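Going in written order, the chains are labelled A, B, C and D, and every chain counts its residues from 1.
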Amino acid sequence: MIARVLFVHALRDFLRFRRVLAWLLVIAGVAAAGWVWAGLMGQMAPTDVYARLSSILTFRVLPLAAAVFATAVVGQEVEQKTIVYLLTRPVGRPTLLLSRAAAAALVVFAIGAACALAVALAAGLGSGVARSLGQDLVALAVGSLAYVSLFLVVSLLLNRAMVVCLLYAFGWETSVGNMPGDLYHLAVSSYLSAIGSKPAPTSGNPLLDLLSSQLGLNLITPQRAWTVLAVLIVGCVVFGTRWFATHEYVPREDAE
Amino acid sequence: MVASLQNLTVRYGSFTALDSLSAEIPEGCVGLLGPNGAGKTTLIKTMLGFLTPAEGGGSVLGLDIRTQGREIRQRVGLMPEQDCHIPGLNAVQFVAFAGELAGMPSELALRRAHEVLEYCGLGEARYRNVETYSTGMKQRIKLAQALVHGPRLLLLDEPTNGLDPRGREEMLDLIRTVSHGKGVNVIVSSHLLPDVERVCDHVVVVSRGKVTEQGAIARLKVIEGRPIDIELKEESPEFVRALRDLGAAVEAMGLVLRVRLEGSAEQVSATIFRTARQTGAQVRGLAVAQRSLEGVFEEAVRA
Amino acid sequence: MPDSGLIADLSYRGYDGPLLPPTHRWWVIARLGVRQAFRKRAYWVVTALSAWYYLVMMAVLFFFERAAQSAPGPRSEAGFEAFLGRIVWKDQFLHGFGFAQLLYLIAALMLGAGAIANDNRSKALLVILSKPCDKRDYLAGKWMGVFLPLLTMMLLPSLVFFLYGALSYRDYGFLDNPWFFPKFLLVLVLGAAVHSSLVIGVSSLFDQGRLAGASYAGIYFLTNFFTQLMVFAWLTAQGFRRGGGRVSGGQSPFAEYVDRLYYLSVDGLLIGLCKAILGTDGSPQFGMPSPIRPVPAPPLLPTVAVAVALCVAGVAVAWSRIRAVEVVR
Amino acid sequence: MIELRSVSHWYGQVIGVNDVTCTIGPGVTALLGMNGAGKTTMMRLITGQIRANTGSVRVLGHDPFANPEVYRLLGYCPDVDAFYETMTGREFVTLMARLAGFSAPEARRRADEAIDRVGMSDRADRRLAGYSKGMRQRIKLAQAMLHDPRIILLDEPLNGLDPGGRREFILLLRHLADEGKSILVSSHILFEVEQMTRSILLLHRGRLRATGDLRVIRELIDRHPHRIRIETPQPRALASRLVEWPFVLSVSLEAGGEALEIQTREPDRFYGSLPELVEQGLPILGLSSPDNNLESVFRYLVEA
């Protein structure tokens, strides 16, 4: 029951008006970009258009949202010093962490799903696109869990984790996926795209391929992707809970 | 007269914060007392020209509070309650900047900043960034930035807030010396009545938007008939009985007796010591009884 | 105080010196901002880096001229002449401005992200408003304290290049248009104003400079990402090569407008502003032939209107967020 | 109820508390010390936010670090002035009650009760962001006692409260102490501490400097000279007599005033001998001892 209270409290905090507004703007931007692109790629199959847009837009927004919300689970509480009220309640620290993290993951997934839907509408919501969308929603669900748990661990270990997480989301995830050789195994997005919808291998336009992370050939099978992501999520969650339960989190003076 | 306010009414929407308030603030050090939400803060804001009164008016240092807010703020120093500073500056730069804001030419502001910091006991730490300061030092630098332009009136909002006993004592000493014989008038707003008692000569009590009591502390504390408080080492019924036999009215409050006796102060004290010796009681304290400031305050707030 | 005494009274004394009239306090606040900016080494480093295009261009010009001189003969002379002929001078300023956008952003973040946010955290407004200043002084001072260093940073490198060009290439049409530099100055003023207003507006929403900076950078890069997508889309639709045939999407209704969408980001807007005011679509960088076609200039008046509107919006946000009455809570 | 055994805690190289051993039983105990003496660190140790680097902390027999069992029985009013600013006071206190494990209606009831107790009923539905310091303090107090805890820790609870609020709070504290709760209060305002309790715990630079009953502590430090101030219209005549007394250590005349101050090691003999002088015609109009309060005890303990 306390877990539910914590969950709802975190959710209400995450869904404050200003935040919702900012994310609605991002989603609107995604919708607009998707719409324009889809209009320009008229002769391509709708599923291909969708898949391409999905990997350029939706799966870029996902880690961004995860970085923002995962660091709000504990890091923001420490910075605004309200952590003290949560830690001195008769609630086990694992419950505290997991309920808040679940709220964060839900919000991240909702943002991802909204983007995916916007993109699907832009690409023309036929049966093929709908199937891809369904596939992507699964990938987004797993992806939000993976990113949130990963960034959660970062935010438990480091002060001011958001910058690190954003750098990872923008820098590492986008560039490593395109690296030659087997380096793409080190990016979460590679596994997510193995689960989600895939565009046709190449479109004949190198710039486009570069942009949608299709340059390197992604040879990850869905089974492998599921296993790796499951290990990542479980590992991060277990480690994060252990760490949170045994380390000190006190309100911090945040002088710059 | 440092400030005089007539029938001041200030409203926030439908809420009346100051209700036809009139006050005369004399020179010297004045304590501004009142419960939370009584309108003290609104009064200070209005005196600095931030709020335009709906009715009434007044003057601070002879300047009209409705039209001359800027002029008033140039001649007044405010020490706010909360910690505040300008980010990225060390103490000297901060205080000099405050001086420049008040209108001092830059060189003079810098020279004066050093002087004021030295005076506020921050001489050693003046090149340090203010963000690294401890609570006591932050409180001192707030005083320094309020003093830098040589204000004729200093408004101090909870100056001893968060200070430990030693820090509080030093702050009160500072306030007391500035406000006596240095040409600076001070208004101290505080919830700590003993602090007010230590530094102020006058008090103004505000309650529900009105001034309910004002005057010299010494006068407010006087009890009709000037009784004497006697503190004994141990309780002594014989001593009480003997005093009563001499025609004294005795009110016992634990080890302290409040005694009313006819005669001059010297006669009364002689009687008391004689009686004590005869009855074997030991007098450990002797003073003209006074109302506590807290009592004065409570009565004023209840009125 | 008697002068005869040998021991001075060092206890508190009043200040009887001059006090300036209590007006125009914004300048004191602005001056602090400018001083703090100029005192930062990073500011000068970024300024120097922002000159990179001009410096490379000067090196290229120098190299070609030396090459022409060292091998005298009509061919190399003609080669140099042809090279200079390919160069559109005003476009060099466009490129100098366009390629420094990232550094302008860094400077804007450095100067402006904490401008109001850090003040919110340290409650600086309590100090400032208790002096003869008001909200207008504060906002104007803060804005100027970001704007002036930013303008200086934008101006210095182009001024150096302008002087270099004016002294060396007068004969090659460098000074043909007497109105050019005032126009370019207008671009810089507007550019610096847009950055200062936006960053001040964002800064006022936070009480940690770090978060404000991250948010402004976020807005910048997200819109930038969007416009990059749009320029790819445009190139896809129009064909990459200048004068090349259309590859795809020719019948799409979007094709006509996509080139406008390219200017829908902070840096895009500034570049569009530069193109519109200078009246150019852009030309190859360094006078080198390039296959990629430039995005045409946006219409002048709407672009300027958008820039001005952004300035107003940023300042309005800051204005509404600064609460003057909270001086004594 | 609370037991610390050779507890030390440090932040990096900075030591918070250094080898503190003490027990805190029922009733009000005042935690005193200068800024930075380690009071907040000690509070955080007992509330299990931080862990002792050496030694052990026991609260009702449990290790408090991240221990829900302890938090069920412990209320804490932190020193940080932080809230979920967008909530109203009532929402915040109700949330805290919900997190304490109460069902929604029960939490609402308890929150209302606690808010009423701190005198905030009429203002509890405004947003916390607009609260004054005193109001915020009251809300913090309300959340500390809504679950009827056996142990209450209050870090500078009176900060920003007005005189009326202070008095009410002191009464409330005494009332809670009478119910048998253990209360640890830190405060800088010593004359108010004197009204709350006689039992003190004094930290100085991280070390425990004094602990126990105030009266006992004062007697223990009676070795050092006692100051007594005497008001008289004839200070010089009186002074010349007083210096003859062997147990008077020093006599000093107050500048300009009609008063003098003496120091003695034997206050009892001194007071006992005073009436003689009065009978010999030297009037004494006032008699007081500036050393007779917690403030002087405190000063002696942290400055000696």
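Some observations on this one:
FYI, contacts are C-beta pairs under 8 Å (C-beta built on N, C-alpha and C of every residue); 3 or more make two chains touch, one makes a residue touch a chain.
Just so it is clear, the structure is predicted and the values come from calculations on it, not from any experiment.
Chains that touch both chain A and chain B: C, D. With respect to chain D, maximal separation of chain centres occurs for C (centres as means of Cα atoms). We define each chain's centre as the mean of its Cα atoms; on that basis chain A and chain C are separated by 33 Å. Put simply, the C-alpha centre of chain A and that of chain D have 50 angstrom between them. We define each chain's centre as the mean of its Cα atoms; on that basis chain B and chain D are separated by 23 Å.
With centres taken as mean Cα positions, chain D sits 57 Å from chain C.
Among the residues of chain A, those touching two or more other chains are numbered 256.
In chain B, the residues that touch at least two other chains are 41, 81, 87, 131. Residue numbers of chain C whose C-beta contacts span two or more other chains: 114, 118, 329. Residues 10-23, 25, 28-29, 32, 36, 114, 118-119, 121-134, 324-325, 327-329 of chain C are the ones touching chain B in the complex. Here chain A touches chain C in the complex through residues 26, 29, 32-33, 36-37, 39-43, 56, 60, 79, 160, 162-163, 166, 170, 205, 207-208, 211, 254, 256, going by the rule given at the top.
By the touch rule above, chain A contacts chain D in their complex via residues 1-2, 5-6, 9, 13, 16, 80-82, 84-93, 245-246, 248-251. Residues 114, 118, 208-210, 214, 221-223, 225-226, 229-230, 232-233, 235-237, 248-249, 251-255, 258, 261 of chain C are the ones that touch chain A when the two sit in their complex. Within the complex formed with chain B, the chain D residues making contact are 33-37, 132-135, 156, 159-167, 188-191, 233, 268, 271-272, 274-276, 278-279, 283-289, 292, 295, 298-299, 302-303.
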